[in-house]
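You will see two complexes here that share chain A, one where it goes with chain B and one where it goes with chain C.
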Partner chain A sequence: MNSKELGKKSILTKLGGQKFIVLLVVIVLFAFFAVASPDFRKYTTVLSILDYSYYIVLMAIGVTFPLITAGVDLSIGTGLICYSLAGGYLVVQCGWPVGLGMLVSVLFGIAIGALNGVLISIMELPPFLATLCTCMITRGLGSICSKSFGISWPAASAPGGWFRSIFKVTLGNTKYPLGFLWILLIVAAMAFVLNHTRIGRYTIAIGSNKEAAVLSGINVKFYHIMAYVISGFFAGLASIAYSAVFATVQPGTGAGFELEAIGGAIIGGVSATGGAGSIEGALIGVFVICLLKTGLPFVGLQANWQQIITGLVLIGAVLVDIIKKRREAK
Partner chain B sequence: MGEVILTMNDIDKSFPGVHALDHVHFDVNRGEVHALMGENGAGKSTLMKVLTGIYTKDSGSIIYEGKEVEFHNAREAQDAGVVIVHQELNMVGHLTVAQNIFIGREFKKGIMIDDKKMNEEAKKLFERLNIDIDPTATMSDLTVGKQQMCEIAKAISHEAKVIVFDEPSAALTEAEIQELFKIIRDLREQNLGIVYISHRMDEIKVITDRVTVMRDGGYVGTLITNECTKDDIINMMVGRVIYEEPKTKSMVAPDAPVVLKVSHLNAGKMVQDVSFELRKGEILGFSGLMGAGRTETARAIFGADPKESGEIFVNGQKVEINTPEDAVKAGIGYLSEDRKRYGVVVQKTVAENSTLATMDRYVKGIFINKKAEHEITQKYVDSLATKTPSVDQLVVNLSGGNQQKVVIAKWLVRDCEILIFDEPTRGIDVGAKNEIYKLMNKLAAEGKSIIMISSEMTEILRMSDRIVVMCEGKVTGELGIEEVTQEKIMNLATRDIQ
Partner chain C sequence: MKKKVLSTLLTAALAASLLAGCGETAAPAADTASSDAGAATEEAAPADTSSDAGSGEAYHFEIIVKSYQSSYWQAAVKGIEAEAEAKGVTVNCTGPNAESDIADQVNMLNSAINNAPDGIGLAACDQSACLDALQAAMDAGIPVVCFDSGCPDAPAGSVVSTVATDNYSAGATAAENLYPALKDKLGNGQVRVGEINQEATSESIINRGLGFIDKFAELAKADGYTVAVIGNEKYVNDTKAETVAEADADIVIEVGVPAQTTVELCATEAAAIMNKADTIGMFGSNQVAAEGILTANENLSVLGDKILAAGFDAGSVIKAAIKDGTLFGAVTQSPLAMGITTIDVLCDAADGKSVSDVPTDGYWYNADNMDADDIAPNLYD
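What follows is the complex of A and B.
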């Protein structure tokens, strides 16, 4: 390819490629549901869509890093429940301050993330297998942490309930989705990390050509672990969002959350074979899934359909990626 | 030529079951290009890996700039000024040129990577080397040649004093090779010590000052390039004089039947209205420049890529080939130019690879008949003279030439009458090359029909009974071996380009 051809980028690429298309999809979906159902148009619906999106968005931001290394983290869903139960147990049963409970949730997430990282980077287990195992482990650990009972973090009105207003604050008689502001800030921060710091750059390098990264003298083992630590850290943050939005956290749940997060990241343009991806894309991609999840019941399609449709959308997103690669290869 | 900058003395290295380096000696002077030659598996790469600390030597010493050194990894060697430009390019396709050059040692502004400064520095570097590349271009968008230039620039940016080029020209075009040589000469002027690993005899004569030859892990000798002939070097490499006599006339009987007829084949831009015939016992050379559509034609015939139109006849019968499975059923075997990707399953054994296309014959009930599999594999290991300790050896452990033989065995086991060899000797050293040539002649003499796609003019002239020349997806001519000259081929190969 000569330099002339290089300069010739499509308008689509300039607008951000897949991200832009997915953003359009989000808008179209929202418009469709809003037209189809008067109930969907209500402010409370929008509020609840946002409420239920936070923990998935946070997981998706984190899991983008392992995905870019051409790996995956399946432990974030059950992990999230586990971290929430552990922190919540200390708060509710042992009387720890809420802030400390939240810290425990996050540290727990980091610890499991580091474990994943060590298994994958040092012990060289395939990421799928390693995180499938920690998925099972965190599921069991969660039940043990809460002695198999559901945990209800303090309600908004109860002492210590302040933390729920991190995500939804009531001013006067109106509730505001404050959480969305934090999400936007976090997305901006992590996009910076991915594109302008070593951690991000080496994450891409590992996913694109690991051998080259090793031969360039990069401490690949360390940065490979870091990708999973980031994923674990965000699963920890997601557990706080979950604790704050839901009244009760039930042990034994959480399996499947990771698929919504991974699906969102991939719809948003993370390459299915590693090496490329974006945080903004993951955010937008998750909203496709959240809109389908919330919107389809409003037009009379139940949860089963939502899963089938999400699956189909995901196949479409991966196909787009693969077809794009095939074109480039020609 | 300056004083010695690097000496490797008496280097010994064993892997389980293999004495990879047997007391090897090698040295480089400042301002010198020193060729390191040897067949595949001779130990060149192992020696360089010992130098840069990827492998640990069992004994011997490395003296660099007058001091004994031992590098523990590529990074340490780099920092000291010893850099390898690898044969397989080590670039991160998703990052930009500048990001690749400075990977692992990025300039920083606070916690942020300073991409602007990296772009500026890369630009300066390219100016110094007289290379025209945009530092902000994405690496995967560049040609292989440009990528290699980036790799060289990266090596130089390490303040390298010794640069090892590991088969740098393998994937380059003629013009790119000339550019590479210019850079190497500049580096020599700047008093760097350069190690040049290559199989191409012509290049060695052009660019190097001295030649060291290795064979089977051992040191054979060092010659001054100007004072030796190609044959001297080849003799040292293989330990015997070889080379099949080039063909002067077609070996095909005039009344030999047509076994394969391709008629008006179309498949995308690279295959336009291609027609030709292949006769029994013939070696039909396919010549042309890179991107002339030869591989695409082969893949379309083999059913690996979809056809738009056209007919294929095998032994006079029209056949429908839509998948490689159809092609194999019709008796066509395809030996890909890229063995590692399409030809062999490297993590499987010689036996498993040999029977891969014929599995159903070696299955009894639901079990694989290991004994029969071993017997047939052994038969072809013997008849093709494949160098392998046993048929249970993993293919990944064989040299390039021997891997190629395993692929050939696979199709022979399948009784394929028509074999398409796509660049059969790419990345294979002289000794093994000649064995492959002998083998192809033997197969043709036995009545197999061969299509040989090759970018090496000497190979085309040496092997073919008849030559089809392609250019930009079209057949531009057909020449018998009696009338062919290099000029005629080049004329046809460039016919549509002017």
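What follows is the complex of A and C.
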């Protein structure tokens, strides 16, 4: 993305810059864990990593848009749980069809996203503050929606359990991670949206230089809202992935999920100061976090190390971004 | 100016939503409490220490649970609210969003003390974080009853009573029932038994985990097998079991503790153990840990034949897994009875009567007895 501005193109930038480095990190991490633990090499482990990655990847795709506008969306983690509880309550307690419950989850996400957008774009609240408020609101709303009870969406074998096979199908005795196919398709689609459509280009324009975007006649207020609507929509999709993978959704949880998604997006090359970023980078970045999360217990490291190591990796990613910017400035 | 008005409105909206949240949690509990209260009161009868219900004074108690994260706490709150209504006292139930939000809970305890209630019921997330606040409560003359989890290091006299499952013996109950079922897999080389604990900070979880380890090791030793305990340092250091080095052990008990109390991270810890070829048994010491083991099994499909797993607590997912044979069995407590007893003890303490600790029981249940009359009422969804 910045290759044009660079005087001399290094091999790295030709290969995709930070994304390429991060992809290497993913491969090295996987190889390391596979060598260190024979159990890690098993197909079922890969299946679990994918299972537990879907909801974070979907959140990361969505939150990339606010991040590129130099904003942030902290409401996606607790939001995800809230949308899943709301949809699940209607399905489990009120007998709604599963498809309709899923639709409610997504619409709820879009609504909270729009609220974030209006607070930030029209009412000019700082994104950090606005989405921190909606983070608290969705945490409370989730408990209200489910009357504070944990919700178990229908099990795979129960009536209505078909939705769990969106992400994982069993053919014969083998389970296939069908969800990863959808993730790849969504990443391709959203990468196109970000780089080749008005909504994506304007999102980048707002992040690089908001004044210039206003002066060039872009309806900045509208496109700024849309960045948060996209984030909310994907939090809604992530809630479906979460409901489908995990047996029970517990009210009061979800805080911290957003940090994994935001961390993944930043590791994948979304600029911490806005204006640049990529969807495929976010996908790869999330896998760094997911690999660490799954791999470290396999090599016998106590789980607290996982958080320390993830934090260190994040610092590394942000430093790469800063050094890149400094070089460009020279 | 415009900004100020807006932010005021937003703050008001936020506050309103929080208040609405509290109101809402109380409502369903009250609805269902009436139907369950009868059965639950009978349950609590042996533990009931109160002589005359309703001493005429309208006491107000502040109750702080560990979280609203699992239906276990919802059942406890149900018991608390039903008994409060029966006794004609008022209660205000709060709790942090997750059991790992220790600082939040300490803040809630401090504000509860500031409200100067006639008593405080506390299920402490961390057995040492509340000590200063407990001293403050004692200085303010407010009796504190700990329920579910005790605070063993509390300043003398601050905690007047602890109403809790004897978690150590409840953990041992799981070992007593799991060990005989694994017995014929012992003796042919080293085997592994995994234990997942959602954290290593609360007394109840620590004691359950240790109770399981110690009892399992004791039973194994009686049969002439040696045991090693590996994994989380807290459990490795605190076990009373006679242990040997990992390489020399017939049975390795491996303890996994996730960084946060989520089902996903429990599942990852569980999968790391369940993947090992020599693993024959698993124990999850609460609802989240047991569901983590079940989540890991979604992809591994090893429970039931290769690995026998025991859980703790109930909930619809665990109950279904026991019914279909995925889980070998589980230990349940009686949260309803615990809630009822907590209010009874608080009333007695407020009346100025002398009160003492009230241990409540843990029961083993499996596919055979889960519908029995003495078990079924404790198996909340």
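To be clear about the criterion, the second predicted complex is superposed on the first by the 322 of 330 C-alpha atoms of A that agree within 3 Å, B and C clash if a C-alpha of one lies under 4 Å from a C-alpha of the other, contacts with A are read in each partner's own complex, and residues count from 1 in each chain.
Simple rule for what comes next: a contact is a pair of C-beta atoms (placed from the backbone, for glycine too) under 8 Å apart; a residue touches a chain by one contact, two chains touch by 3 or more.
Source: prediction; values computed, not measured.
Visitor: Looking at the overlay on chain A, is there a clash between chain B and chain C, or do the two fit?
Guide: Superposition check on chain A shows chain B and chain C fit without a clash.
Visitor: Determine how wide the angle is at the CA centre of chain A between the CA centres of chain C and chain B, giving a multiple of 10 degrees.
Guide: After superposition on chain A, the angle is 130 degrees.
Visitor: Specify the partner with more touching residues on chain A, choosing between chain B and chain C.
Guide: C
Visitor: Examine A:Lys175 and indicate which partner it touches, taking first as chain B and second as chain C; both and neither are also allowed.
Guide: second
Visitor: Could you look at A:His196 and tell me whether it touches chain B, chain C, both or neither (first, second, both, neither)?
Guide: Only chain B; A:His196 stays clear of chain C.
Visitor: Can A:Leu141 be said to touch chain B (first), chain C (second), both, or neither?
Guide: second
Visitor: In the overlay, answer first, second, both or neither for which of chain B and chain C A:Ala255 touches.
Guide: The answer is second: A:Ala255 touches chain C but not chain B.
Visitor: So in the superposed three-chain picture, is A:Lys19 touching just chain B, just chain C, both, or none of them (first/second/both/neither)?
Guide: neither
Visitor: With both complexes superposed on chain A, which partner does A:Phe149 reach: first (chain B), second (chain C), both or neither?
Guide: A:Phe149 sits against chain C, while chain B stays out of touch.
Visitor: Aligned on chain A, what is the least Cα gap between chain B and chain C? Give it in whole Å.
Guide: 15
Visitor: If I apply the document's touch criterion, which positions on chain A are contacted by chain B in one structure and by chain C in the other?
Guide: In the superposed arrangement, which is not itself an observed complex, chain A uses no residue for both chain B and chain C.
Visitor: Which part of chain C faces chain A closely enough to touch in the complex?
Guide: So the residues of chain C in touch with chain A come to 3, 6-7, 10, 14, 17-18, 20-21, 24-25, 27-28, 67-71, 74, 96-98, 232-233, 256-260, 262-265, 267-269, 271-272, 275-276, 288, 291, 294-296, 298-300, 315-317, 320, 381.
Visitor: Mind listing the chain A positions that touch chain C in their complex?
Guide: Chain A reaches chain C through residues 37, 39-40, 42, 44-45, 47-48, 51-52, 119, 123-125, 133, 136-137, 139-141, 143-144, 147-150, 152, 155, 175, 246-248, 250-253, 255-256, 293-294, 297-298, 302-304, 306-307.
Visitor: Over in the complex, which chain A residues touch chain B? Could you list them?
Guide: Residues of chain A touching chain B: 1, 3, 6, 192, 196-198, 201, 204-205, 207-209, 211-218, 275-276, 328.
Visitor: Give the list of chain B residues in touch with chain A in this complex.
Guide: On the chain B side, the touching residues are 73-75, 78, 86, 88-95, 99, 103-106, 111-113, 115, 134, 137, 140-143.
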